[in-house]
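Following are the structures in question.
Heads up, the next two complexes both have subunit A, just with different partners, subunit B and then subunit C.
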Partner chain A sequence: MRILVVGGGTGGTIVANNLARRLSAELRAGKVTLTMLSASDRHMYQPGLLYVAFGQMMPDALYRDQASLLEPSIEFHVDPVKHFMLDEQKVRTGSDRVFGYDVLVIATGSRMVPEEIPGLVEGSETFYSEAGAIKMYKALRNFQGGRIALVVGVPHKCPIAPVEATFSLHDFFKARGIRDQVEIKYHYPINRIHSIENVAKWAKPEFDRMEVAYETLFNLKEVDVANRIIRSEEDTEYAYDLLISIPAHRGMAVIEENQLGQAGWIPTDRHQLTMAGYDNVYVLGDTTNLPVSKTGSAAHFEAEVVAENIASIVKIGEPVREYDGKVYCFIEAGHDQATYAMFNYQNPPDLKPANKSMHWFKMSYNQLYWSSVRGLL
Partner chain B sequence: MSSQTNLSDGPAGRIEENVGAADLRHLLELATLVTAARDAMSDDIVTRMSSAVNEGLILLDRVTRNPGLMRLLQALERSECQSLLEALADALTATSRELVSDPTGSGAGGGLLRLLRDPGTRDTLRLVCVLGGHLSRNLEAATKVSVSPGGSGAPL
Partner chain C sequence: MSDTKVIDACNTFCPGPLMELITYMKQAEVGDTLELLSTDQGSASDVPEWVEKVGHEMIGSEKVGEVWHIKVRKAK
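Here is the complex of A and B:
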């Protein structure tokens, strides 16, 4: 059986390593082949970008060589897929090579699209890329006081990030001794301060305590870069001195170009994680259109289900597990404290009070991530 | 009968009955220790410790899932290998010191002849030759198993 994994991010790497462990005998005997196609030879720990933006982590700590994270039995190529030929069970890559498969896993991730809002690219800082996070840190470091606006587009990767960034802003300027000279205003596109209701309930009193202003139902329409004003679809506006944005995301361009799903999100079975209409094509991580957070943890739990099912199909001909929508998010709450949100399709998160131990758990996980993607944790 | 509640009759009293004063003191000490450790920690310490744990886990995983390395470790654990390992470690130390003190060596052909006259060098050459002989025979045997029709067919 030929198993092909497209995408070397969190989901793709975990599913490939997990399969290599479960099917080690079959791989040694040549009954199964496991191939990964990725766009990059490096793997980035994306949640670390927020730390880079606040000077708490250096960019080089976010990377490992992708090949070093993979089991030796995985055939790895840096050769991104350009064309999916699902009916022929083939893909064509950027170097014009064709790879056939019996089982395909699509884990191509997502991308931010700030260019869809006029003025957002040139007018705002964002921490969703390495260069952006470094630039944002420098802007924050040079900021001597004034009005900071944080705007959020949806959907976006890591739904907790807007709240964490706000807490971090408060801490950053407090540590510099100029918090009283900085006005922080948080703008969110729906009618509460977070899409997850219990996170909104938990964060609101925290914002009040930190004297963070907020405006809900603020869907960014444009950034007037020259006059430093943001305007919403709801006809409100705010003048800022520094604009921080979390731009809306889409699935990867290759998914849209191959018409596999609207806005790059592939229609996916919520329990089996198979692509609609294709039982031998699995989708995981940000690439799905599932109503779960676009986080590494969702990709992790989905990858475990997909790997176990593919392995069981190889061994007994049937899948054995279903994904329950599990997501686990750390939430850095400022003051060196953190909490977490765990939820699934059936149960909303029940946030506990933040404490230091959870903050250290998160700091530890920043390191243990590398064991996690190798399939150890 | 008094209407006042006596605390020692309630749950606190029952705790006192079941937990001695010394036990409570130990619990208090433990709580103080945990608080002290917590106060002494920093993000940097947690990061370094976690990084070490992460690398340790990966190393452990690689070693334990590698049959060749496990076999080597088992062999090296045998008591007769200990003196060899200690000698190897000492030899590495002495060699590195010698190379530092005399980086150019003392002559090409003549120096080599002097080295060969050294009984220690001759013993080491014998050790290498014996090791090479065993390695060759084991490799030959392993190759036969892997290609024979009745063998497991597993790659070496």
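Here is the complex of A and C:
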């Protein structure tokens, strides 16, 4: 059986390593081949970008060589897919190579699209890329006081990031001794300050305590860069001195170009994680159209299900597990405290008060990630 | 007349039904109708509030069993 994994991010790497272990005997015997195609020879720990934006982590700490993360039995090529030929069970890559498969895993991820909002690219800081996070840190360091607006696009990767960034802004300026000269205003698309009701209930008194202002039902329509004003689809506006954005995301362009899913999100079975119409094509992580958080955590738990099912299909001809919607997210509540949200399709998260030990657990996880993505945790 | 696009946001806590509706509304054309399926009781009030504020059109809202069926037309 030929297993092909397209994408070398969190989900693709965990599914490949997990499969390499589960199918080690079959791989050694030549009954199975396991191939990964990725756009990059480097692997980024994306949650670390938030720390870069606040000067708490250097960018080079976010990366490892992708090949160093993979089991030796995985055939790895830096050669991104350009054409998916699902009915022929083949893909064609950027270097014009064709790879056939019996089972395909698509884990190509997502990309931010700030260019869809007029003025957002030139008018805002964002920490969703390495260059952006460095630029945002310099802007924060040089900021001497005034009005900071934080805006949130829909959909976006890492749903916890808006509140984490807000708490970090408070602590950053408090540490600089100018918090009283900085007005922080948080803008959120729906009618509470976070999509998860229990997170909103927990964060609201924290915002009040930190004197963070907020406006809900604010979907950004445009940025008037010259006059430093943001305007919403709901016909409200706010004048800022520094704008921080969490831009809306789309799936990768290759998904749209191959017409695999509207806006780059592939229609996916919420339990089996198979692509609609194709039982031998699995989709995981940000690439799915599932109503699930676009996070490394979701990709991780989905990857474990996909790997276990592909391995069981090889061994007994049937899948054995269903994805239950599990997500576990750390929530940094400033620079020295944290909590977490764990939930699935049936059970909402039960937020606990933030504490220092959870923050240090998160700091430890920033290093443990490299074991996690190898499939060891 | 466009077909109704059904958005299944049942049994989801994050990003949640209204975020799902906003996501698909951005992809829709003016005049399209979207039907949001939600098991979140809050959707019955949250969605009409947003629809009114942003200026789209509520077509209808009814609960069938445990699932809210909320229809909205994109108006701008």
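Here is the rule we go by: the second predicted complex is superposed on the first by the 376 of 377 C-alpha atoms of A that agree within 3 Å, B and C clash if a C-alpha of one lies under 4 Å from a C-alpha of the other, contacts with A are read in each partner's own complex, and residues count from 1 in each chain.
Note that in this section contacts are C-beta pairs under 8 Å (C-beta built on N, C-alpha and C of every residue); 3 or more make two chains touch, one makes a residue touch a chain.
Small disclaimer: the values here were computed from a predicted structure and weren't measured.
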{"item": "Subunit B versus subunit C as contact partner of A:28, first or second or both or neither", "value": "first"}
{"item": "Partner chain(s) touched by A:219 [first = subunit B, second = subunit C, both, neither]", "value": "second"}
{"item": "Touched partner set for A:191, first subunit B, second subunit C, both or neither", "value": "second"}
{"item": "Partner chain(s) touched by A:356 [first = subunit B, second = subunit C, both, neither]", "value": "first"}
{"item": "More subunit A residues in contact [subunit B versus subunit C]", "value": "C"}
{"item": "Contacts of A:367 with subunit B and subunit C, given as first, second, both or neither", "value": "first"}
{"item": "Touching partner for A:342 - first (subunit B), second (subunit C), both, neither", "value": "neither"}
{"item": "Partner chain in contact with A:291 - subunit B first, subunit C second, else both or neither", "value": "second"}
{"item": "Set intersection of subunit A contacts, subunit C complex versus subunit B complex", "value": "none"}
{"item": "List of subunit C residues in touch with subunit A within their complex", "value": "8-9, 11-20, 22-23, 26-27, 42, 46, 49-50, 53-55"}
{"item": "Contact footprint of subunit A on subunit B as seen in their complex", "value": "38, 41, 43, 46-47, 49-51, 53-54, 57-58, 61, 153-155"}
{"item": "Contact set on subunit A toward subunit B in their complex", "value": "28-29, 56, 336, 356-357, 359-360, 363-368, 370-371, 374, 376-377"}
{"item": "Of all residues in subunit A, those that touch subunit C in their complex", "value": "154-155, 159, 189-191, 195-197, 217, 219, 233-235, 248, 262-263, 291-293, 325, 327, 341, 343, 345-346, 348-349"}
